[in-house]
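All remarks here apply to the structure that follows.
Per-chain residue numbering starts at 1, and chain names A, B, C and D are given in the order in which the chains are listed.
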Amino acid sequence: MTISVRRSTTAESGPIERFRHVRSLTDLLTERLSAEDQTPQSMTEASPAKWHRAHVTWFFEEFVLRRDPSYVVYDETYRYLFNSYYEAVGERHPRPERGLVTRPGIDDITDYRHHVDTAMAAALTAGSLDDDALDLVELGCNHEQQHQELLLMDIKHLFSTVPLTPGPVYVDRELDVGASPAPMTWRAVPGGISHVGATGTAFAYDNEGPQHRVFLEDFEIASRAVTNADWLAFMADDGYRRPELWLSDGWAHIGQTGWQAPGYWSRDAAGEWSAFSLSGRRPVVADEPVVHVSFYEADAYARWAAARLPTEFEWEAATSEVETERGELLDPARCHPRAAGTAMIGDVWEWTASAYLPYPGFVPANGAVGEYNGKFMCDQHVLRGASAITPRGHERATYRNFFPAASRWAFSGLRLAR
Amino acid sequence: MTISVRRSTTAESGPIERFRHVRSLTDLLTERLSAEDQTPQSMTEASPAKWHRAHVTWFFEEFVLRRDPSYVVYDETYRYLFNSYYEAVGERHPRPERGLVTRPGIDDITDYRHHVDTAMAAALTAGSLDDDALDLVELGCNHEQQHQELLLMDIKHLFSTVPLTPGPVYVDRELDVGASPAPMTWRAVPGGISHVGATGTAFAYDNEGPQHRVFLEDFEIASRAVTNADWLAFMADDGYRRPELWLSDGWAHIGQTGWQAPGYWSRDAAGEWSAFSLSGRRPVVADEPVVHVSFYEADAYARWAAARLPTEFEWEAATSEVETERGELLDPARCHPRAAGTAMIGDVWEWTASAYLPYPGFVPANGAVGEYNGKFMCDQHVLRGASAITPRGHERATYRNFFPAASRWAFSGLRLAR
Amino acid sequence: MTISVRRSTTAESGPIERFRHVRSLTDLLTERLSAEDQTPQSMTEASPAKWHRAHVTWFFEEFVLRRDPSYVVYDETYRYLFNSYYEAVGERHPRPERGLVTRPGIDDITDYRHHVDTAMAAALTAGSLDDDALDLVELGCNHEQQHQELLLMDIKHLFSTVPLTPGPVYVDRELDVGASPAPMTWRAVPGGISHVGATGTAFAYDNEGPQHRVFLEDFEIASRAVTNADWLAFMADDGYRRPELWLSDGWAHIGQTGWQAPGYWSRDAAGEWSAFSLSGRRPVVADEPVVHVSFYEADAYARWAAARLPTEFEWEAATSEVETERGELLDPARCHPRAAGTAMIGDVWEWTASAYLPYPGFVPANGAVGEYNGKFMCDQHVLRGASAITPRGHERATYRNFFPAASRWAFSGLRLAR
Amino acid sequence: MTISVRRSTTAESGPIERFRHVRSLTDLLTERLSAEDQTPQSMTEASPAKWHRAHVTWFFEEFVLRRDPSYVVYDETYRYLFNSYYEAVGERHPRPERGLVTRPGIDDITDYRHHVDTAMAAALTAGSLDDDALDLVELGCNHEQQHQELLLMDIKHLFSTVPLTPGPVYVDRELDVGASPAPMTWRAVPGGISHVGATGTAFAYDNEGPQHRVFLEDFEIASRAVTNADWLAFMADDGYRRPELWLSDGWAHIGQTGWQAPGYWSRDAAGEWSAFSLSGRRPVVADEPVVHVSFYEADAYARWAAARLPTEFEWEAATSEVETERGELLDPARCHPRAAGTAMIGDVWEWTASAYLPYPGFVPANGAVGEYNGKFMCDQHVLRGASAITPRGHERATYRNFFPAASRWAFSGLRLAR
């Protein structure tokens, strides 16, 4: 079996430390959620925290532990309940009903996690897993990291629906004292043949390969992400009311939704904007990168600014000089961007101009895990970088995140190009 | 102030015992539900158990305790969260989002209940409530009893969505050993001028009055409710596939839903029917009254049986001889009908041929509680009797229950007339 | 065969004259419509004029001519295309797609009408039809008269969607010079046992029988219908913005639709209200009866006026003194009410407080025509009287018209009771 | 003003001959449609023939004739009625209601066309139009050609909804006698830097430029389009029932729609497939290119065939050797593909793997015509080639057609690459 994932080979730890580290972060992130908090599903795209905790566990059980015929499955019904979208694995519980499954409860899920953790630890300690299985462990760890970010996105959305002020607080955090945002400058990147995509031995998802050549014209890219101050200027200039700035679908969408500001923003009686965060409703801080904007809005903003979004190829080419510089990544005591800096990775995911399509020569992995990425390559838009809720170690320059154009519950912002 | 409710004047207890008795039954019914069970909303018409517990509490706070300016409101936001449909009280949380409010949690609701119980007990003990307030206490007790039945309906619906077999069990109960159903006979009721509706000093809702005269022709009414055995015969005779048996709306509805049996029924691979109950999925017992049928189905069955549904006036007139005989009412250790007997009150609610309309001279109560009944008198259908989950003491011959024609999550059955 | 229709036995004409008279009125009403006008369907409830012309023709072919085995069917596909809702006749073209059937075109429909007219005239002249068939001819004539009114309702709706001012003109008509409306007075009607429903030899639909007894309390009924002037007072008093005036369903409905005036009304920049009519957009005339209000609006108005709607039994009992007095009925050169007078029949259909339910002892006709009325007896509301587009001779005191509560494309108004 | 369109400079004709030629083809295509045929709108994406005829006329009036202040506008309301999507021009009639506008009728539209034709001929003859205006005339001619194809697509869809067999016939055509399809072979195309997009003086839409460089790997492309015979093999191999072949969105879509064959196909009782065409329902001819498949289906077929769709860049690069060879283009006496040949342009539009995105350096035209293409660059998929209903002269190798992934009422097929 050849799958297009590669194990991370950090010197400091083996697979068992890696596995335990990832699993314990999930526990840390959810221990501050009550049983009630972990149960509902606030929109179809979101999932209950309880479900995330079980689904990532099922992934290890399904793809690693079941390879061993002697493994005792915890509960056969969980395969039905906690499969997300793997057609090859069989029937699944309908996604829109994930919030109705009150049993198993959160304590049952905790028991399930222990059961699988114990079996995984035994297998990893015994050294009984072959290379394919170890590849799948690594994939499972990355999968769980992805769901850690989704879990935080989903909790933020759920908490935002509670009609109280200041709203539920996931993490208690001091409000940042605003500094003036750094001035935005343009950095020139020369064109020509560029190599795009992942290669080598470090882990990458199948959709990041194969590495291949693209031809780029010369271009310039902004030194920092668009900030809340920038966005307020766009709003003040009637950005949400001028059809000539918008894609046709985007204009129709804001007509239907009535959007006139980024997600989670609202204006008080005095006209001041605040934003719901994982620390409750807070004033909008001018020098932070704007977050929770859709592709439609990012594209309209760029047009208003007489610029455009970079393609994902331009974006990746532009990282070469700044790749090692990280912005804010997941800090469980913060979960929020800091003032916009010069790093391209971290703070907020950045919408690109690129549709999410297979790279030339892309072949999905064999078996059910081949459904991980390829089958979603239609009508989605690539985001690059990482966000303030992306787990550290899960970010990289070749990473391709993707969402539909109207979606904005991810920590999504933008950076200009021209 | 004159409201059309009257306090129940049972000799054995005063208002405080009455209040405590009702409140403690709610606690008893919910103590077997986990925090997860109490949180979701499985369809728009249903509500979370947590919400029911808070809403009935809010009713006392809003309509009784707030009459006293010195009363300390528990939490002002609860007025917004737990108002159901009282326009006069102000804005409300949107009904379809009741399942997303994870905070306050179930322990907060328990505290809220204690707070209100303490204040109510103090007021009732002090004898400081005037007659209007005491009327509202009695209304609040009846309101909470109604919600006890709704809570059980909603939990049954929620648990039925869990895709496990036998499914969650609310109450552990032995399966009844089936006896042959009693033969159905016709009882003749003479026509003429009949008095319909509540009068006197016992409590009744405003929609049960005023008592008034109707003219009835002679008619006959069945000695018992339609049973599961009867219904299986209807199904076997293609009852769900013959348009001539159905109202036009009903035929369209089964076309859309694919209904081919009562609610919660399903057929296994061997062709045997089972039904989901509060004790999990169980075989269909032939001699129990059929339950969870819609008005459309009840009407079609009656046409198939060359009979009809009684009007609510006929139904009420027919109770005179059997009124004191009760069928199964709410037993927290059972929550399920027994074999169909001759009682007209208890076991299952019975659809009538009557639309839910005001009685001649009907005037809603003053103030917000006037919204209790009158504003729903449009496109709903009257059910009479009571069911195996109706709290004892809440049933009476003049009681008018009502649901839309397609609704079948209540414990709804039927009795024939001709 | 016993059907509950009875032939009209007007002295002046036999069935053939009757048939020709009805048929020619349809031709007269449609000759001023272009092929384009006759083709679309402006909402699911409406039908193309072309379809109405064919459907009423199909009724005679299906239920009368096909009884004769030697009859040559015009086109077998028309049975599929032009059956409205008769399940017993077989499959039908889906109602929402009636506006897409461009072929057969209007000239084909004219040919079809000639074919059937010729065959019907031959059969009626030859005297070869038995009594059952003659009953069905009479039913067919009444059916076509009903569709004449529907056709005008549907054309009015279609023309109202054309975004031109003053809009298409179906009939050129002088605007009435407004007089002051007659003062509204109350007329007392004594209660007791009343006989309701049709009897005797004149034609009536099955839903008008059997005649039966009802018990009525004393009541009063208004001397005239509610006028536009009355309605403007309701609007000026925030009638559309006060939830306490509305049924719960009605309040939700105006929330969804944004209704703030009767159907077809709009306000110009100067604040003046005009109404689209079959003569284009015209000023609202104060002393005409208000028209195109839904049951929800009629009910809310009555509550605002500290009155109520009469039941259909009260309404019928109240006609006894004024039955022979007719208001405006269908005049193809007018198609619009005159100033509100004292007649109860004509001008506008009047919503009653009654749900549309079977009379005691109601039995639908045998065969497919039994689907004419009975299967719609669910969640509809009775209107009594007749309107300015009801064909003369089709109106009577026992006539039961019915529509859903939200419907207002009929010429529907109201009269108060108390 | 610089717009990215260029006039066609065919030696044989000037702008006035060009204008007349295009306009007369529209008249020819619609003269066989009745008033009824030209009126309805069979789905939101389609438009009435009457509307197409008026809209293309409005385009010349709006963008060319109104530049001359002395031009007498035919009817100011037509700007509202017949603007399609130009926000800069002002308010528009809602698209879903185009089928309800019965007035103006088809004769009014004919008069409108004459009015504009006369004014255009006068301006073109007088030589009074500047270069910008002449560019817009050329754009208008291409625009009308696009709508000729849309008009035929829409009529086909409308006629397919008529529930008659063989259905309405737009063009009477002999059924082709099937020959065996040519064997499919692979043609190798070398990779490297390729120039893509339009340049030079011939007309092209703004979205075809600017010409730019892309880097391609070596690839192979099929010698002919996929045929009906090929597609039947895919169907026989359960192509529509195997999730592993489908994009996730595609699998969900066929789950919702129940698709199991290309658009307009149906199977008779004997299991034989036929397809509705502009000549009515006809047997499926094995060696014709498959048509009316969606992007989802094309993509699934390619995966089943162990191949893929070409990118639009590969497709364009592959035309260099075969560009001058045309397949079937619009013949008003045929309107249907012939057996699949080796031409890449003509017969059927071919789905590519490319999302519809701007070329590097793309700038929309100034003014309202800048809305022609750019604002639709989101979640659409590029088709290349042309079809048997594309007007001759409107096809070219750089032409970028586009539709959403689920769309299949265009004459859309596919060609494999690998």
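As a working rule, contacts are C-beta pairs under 8 Å (C-beta built on N, C-alpha and C of every residue); 3 or more make two chains touch, one makes a residue touch a chain.
Remember, it's a predicted structure, so these values are computed and weren't measured experimentally.
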Legend entry - Chains touching both chain A and chain D: none
Legend entry - Required steps from chain B to chain D (each step between touching chains, minimum): 2
Inset, instruction - Among all other chains, pick the one whose mean CA position is farthest from the mean CA position of chain C. - result: A
Legend entry - Chain centre separation in whole Å, for chain C relative to chain A (CA means): 59
Inset, instruction - Can you check how far apart chain B and chain C are, centre to centre, with Cα atoms defining each centre and the answer in Å? - result: 38
Legend entry - Euclidean distance of C-alpha centroids - chain C vs chain D, Å: 46
Inset, instruction - Mind pulling the residue numbers of chain C that touch at least two other chains? - result: none
Inset, instruction - Sort the chain contact graph into one of these: line, ring, star, complete or other. - result: ring
Legend entry - All chain pairs that touch each other: A-B, A-D, B-C, C-D
Inset, instruction - Flag every residue of chain A that touches chain D in the complex, lowest number first. - result: 85, 87-88, 193, 212-215, 217, 243-244, 246-251, 295-296, 299, 353-355, 357-358, 360-361, 375-379, 405
Legend entry - Residue numbers on chain D that touch chain C, as the complex places them: 34-40, 42, 50, 77, 80-81, 93, 97, 99-103, 105-106, 158-159, 161-164, 168
